[in-house]
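Below, chain A partners chain B and then partners chain C, in two separate complexes.
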Partner chain A sequence: MTEALVAVAVYGVPAVLILAPMVTFLLYSFWSVQDGRLSRELTLVNYATFLSNPSYRSVFLGTLQLTATVAAIGLVLGYVIAYLIWRVRSSLRYFLLLFSVIPLSMSYIVKIYAMRSILGYNGFLNSALLAAGLISEPSKLFLFNQTSVMITMAVIYLPYAILPIFLSLERIPLSLIAASADLGARPGQTFRRVVLPMSLPGSIVGALFVMVIALGDFLTPQMVGGNQGFTFGRAIWSQFGMAFNWPFGTALAVVLLLASLAIMAVAGAISSRARVR
Partner chain B sequence: MSTVPDPQQNQARARVIEMVGVGKRYGNVEVLKPVDLSIEDGEFLTILGPSGSGKTTIIRMIGGFTRPTSGRILLDGRDIVDQPIFDRPFNTVFQDYALFPHMSVAKNIAYGLMVRGRPKAEISRKVAEALAVVDLSDKAARYPADLSGGQRQRVALARAIICEPRVVLLDEPLAALDAELRRSMRDFLKDLQRRIRTTFIFITHDQDEAISISDRIVVMDHGRVEQVGTPEEIYYHPKSVFVAKFFGESNLLAGGVTALAGTDAVIESALGTLTKPGHAGLNAGTAVTLAARPESFRLVAGDGPRAGECDVSGTVEAITFLGATSQLVVGIAGAPGETIKVRAATKEISGKLAVGDSLTVAWTPADISVLAG
Partner chain C sequence: MTRFERLTLTLLWAVAGLAFVAMYGPALLVVTLSFFRIDRQRVDWSSFSFDAYAGLAGNHDIVAALTNTLIVGFSAVTCALLIAVGLAFYMHVESRRGQRFVEFMIFLPFILPAIITGVSLLIAFREAGIERGLLTVIVGHIVIIIAIIYRMVMTRLESLERSQLEASLDLGATKMQTFRYVVVPQLASAMVTSALLAFTLSFDETLVTFFLVGGEMTLPIRLWAMVRVGFTPEINALVAVVLLMTTCLATVGALSLKRLVRIPVHG
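After this line comes the complex of A and B, so read on.
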């Protein structure tokens, strides 16, 4: 009797809470809206629309490009910051690490508003550039376009890059660094031949993780992107919130999910190859 | 004996490294009391001690991983304390091998030459040679993760010797291997050191390893050098109770100096009266410990003690068969509770002696060490 209850709990709870919504979600994408009414007949029309409509395709590819750029910025900046923290050999390093990931505990909305006030026409960035004499009048380049979306995402997702990069540096045994120096390598050579190759796979995985998070983000583009900063996440949102075409929105979401799964598969392949060695 | 002096024998070997008053403390903790130690060119020097004795600190200071808080370390007479690790002509075999997991065996071995920017042709020739020396020529393209412990060990060795360092530092390299592999690696190490004629400084906490492999042994305890000497000197002539106990089995007997005659000391113990020459530092009334190996005692048959020997009689209290030899525990007559362990060939004992029998054992005073305390 209790065994049966345990079996229900073990298989039933995930089935109801995870599997059922997923199946419903998938099912939705094969339904359609006709004349404002939901038709439950299975059809591929939503996917066909996505594939045949050049504007959806270009938004999708543009979003992939945007989030790849965000991931690349996360990789470079995150690596520099994580490396500098890792180089600190006292208890200060964990304090610095904690400090760099504190933004993770802050509200997402607050961070976007903060970025808006930094990037805006009278924002901190423009004031600073004006004060430095680099520009003669405030620039409109920093807000309500693709660049502002990219900058904002790169900043708010940076902690997600720093953490895995720091961990992949931390996993390098210090005896390997000692061995490299012992064999005559100068600090720069040790970095290039031991530290970088050993931490790069984990760092790339971290950057891909950032890309996956950025890919689904529709709020940042909404709030700092203006009319030009249109992304795939916003396209999905508009199907649910404005066009009320849930089946088509779901199909777009499935496409996004597949893209995320593909990125995670790449990340998985990189990390398992790195582990074999 | 030849009357012409052999220059090879008389000339002391050149010193590679000289440590002068080298000590290390972390705050109030002194992990290494100031040490003076010379390391000779081409010798196999073992630093032996229990964990926490400071032996690793010595090797780390020579390698440049740790900076001494006092003293000087001279290489060919020049102080190298301020020289960075990568400029020192020493290479280390680390306890965990520290092989680069992302490089093949050949790349690992080539590393030292590669970072020095040697020509490709020279690197591949030397790597092939080094692989042959450690008998791993067929594993060049493998990665460390594919190798067994013993093979990794040999890669680490090949990597450490390829740059022809002045000194190879070995930090307990055998500790992670199983007993059988340890023995074969031990012989391999000794043989390798002879072939490449390079100074090896070897760290271990295993006495048998130290005795079988070394030209000289430095015995350490609690951050202090207890004794430096050849394996025979250390085994048969320990200078402290710690050293006597640390190596193999020892008989330790309490004694006291009863009189001095010139530089000779007359020592009274359960073994009777013993006259030891050359103990000028002792005074009448000083308590001492006598140390002797079980094999330094001889069972006396009908012939009695030989010239120069002392003897004592006793009773067999126990016999332990150890193979070719057996060990007796002998209760000393006239000294209740005092026993000595005596090692003798099994064929001398079996069928001739049994527990409870009386016997006489003889020894030579030179085989007995007189230790302070």
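After this line comes the complex of A and C, so read on.
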């Protein structure tokens, strides 16, 4: 009897809290708003609007490009940092690792606010450039455009990339590196022929993870993007705020979901291929 | 090491140093500014004071938002802990139907962009006729943090000797008794650590909360409402306090994680 109750609770809680909302979510994207009221008849009108409207399409593609850039920056900078920490063999190592993940716990709003105060017209970056004599008046280049969104996201999401990259470096058996050195390879050669090929798949998976997180961000572009820094996440959010067309917003979110699943499928393929070799 | 390799390493350290400046600099700058008055966009460096901090304690909106955040955090972590530990033990004690699928479900909100979890819960609550408020925020946070608690508890469970469970069951203990007297005591450290990390996540959760909060305010939402207006020393002071709290939380969490990992696996 209690066994049965426990089973109901164990399967019921995830079903009610996660599965049911997900199913409702998918269903909702096939409903529509007519004359300001929700119509529960199934229709493809939301998806048709998305596909036929060039501005939504270009925002979607632009956001994919933006987040891919953020992921690429995360991969390169994250790899440099993770590799350097990985090379440290003293107790400093754990401290450095902690130091690189602490920004994860810093308040998200605080981080984007701080970035805006640095990139802004009267911000720190402009003041520094002015003081250095590199520019004669404050530049508007750094705020309220796609570049400022990209820079801010790259800074905020970098710590998410460092940890998985470090872990994929950790998985390399040290005996392989010793063997490479014994066989006469110089450190640079060992890196190119052993360390990099073995850690790259896991690192790319980490970067793709960053891309998925960045894809759904709607507050960073709102804070530092202004009118030009419009992203797909903002397009979804606006349907639930001012525009108030929930079914259309949901359909856009389903498109985002499909994009995320596609990215994760790529990540899965990369890591399973790496395991086979 | 050749000179070229040494040069490369130095260069890499310089790049890493710049990245660290970019990660920490903005926050440190804001904290610094919280001690000074800003007059017509210019910082008055002679005006060092704690005035902005004193103003915070008297700000009822901020205190109320902080209270809400703590309520949400404690409730969500407690519920998620109960669900996740129960689920992990249920799945571990004998092989169960649909374990893969249930785990996939649990991890989904953790790996998908937050906006999708937010939208799906918002719609589900709307269809179920549940008004938005702190309760819906708590549910949203449970959904997000359940994965991290489940994963850590499961890892610990898998490191326990199976024979302990079998011995307990052979000696006539029920599954409940085995759970209570054999498993839970050994899970304590994993539970504490995962609860700390989960609380840190909940404390800072913004993207899902935005969809579920309705007219209520949690600290990140209040902060967002404030920073949209502009920069004041008071905001900077609040930011400094929030940073201090989250960093302490995370550091304690990380240190207990380190302790947890160090515990030798029995057997």
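Operating definition for what follows: the second predicted complex is superposed on the first by the 277 of 277 C-alpha atoms of A that agree within 3 Å, B and C clash if a C-alpha of one lies under 4 Å from a C-alpha of the other, contacts with A are read in each partner's own complex, and residues count from 1 in each chain.
One rule holds for everything that comes next: contacts are C-beta pairs under 8 Å (C-beta built on N, C-alpha and C of every residue); 3 or more make two chains touch, one makes a residue touch a chain.
If you're wondering where the values come from, they're calculated on a predicted model, not measured in any experiment.
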First (chain B), second (chain C), both or neither touched by A:G12: neither
More chain A residues in contact [chain B versus chain C]: C
Which superposed partner A:G268 touches (first chain B, second chain C, both, neither): neither
First (chain B), second (chain C), both or neither touched by A:M198: first
First (chain B), second (chain C), both or neither touched by A:S105: second
Which superposed partner A:Q189 touches (first chain B, second chain C, both, neither): first
Touching partner for A:A179 - first (chain B), second (chain C), both, neither: first
Set intersection of chain A contacts, chain C complex versus chain B complex: 186
Chain A partner contacts - residues on chain C that touch it in the complex: 1-2, 4-5, 8-9, 12-13, 15-16, 19-20, 22-27, 29-30, 33, 41, 83, 86-87, 90-91, 98, 102, 105-106, 108-109, 111-116, 119-124, 126-127, 139, 142-143, 175-176, 200, 204, 206-207, 210-211, 220, 223-224, 227-228, 231, 235, 239, 242-243, 246-247, 249-251, 254, 258
Chain B contact footprint on chain A (complex, rising order): 173, 175-176, 178-186, 189, 193-194, 197-198, 274, 276-277
Residues of chain A touching chain C in the complex: 2-3, 6-7, 9-11, 13-15, 17-22, 24-25, 28, 77, 80-81, 83-84, 94, 98-111, 113-118, 122, 124, 155, 158-159, 186-188, 209, 212-213, 215-219, 223, 233, 236-237, 240, 246, 249-250, 253, 256-257, 260, 264
Residue ranges of chain B in contact with chain A within the complex: 63-65, 84-87, 90-92, 94, 96, 98-102, 111-112, 115-116, 143, 145, 159, 163
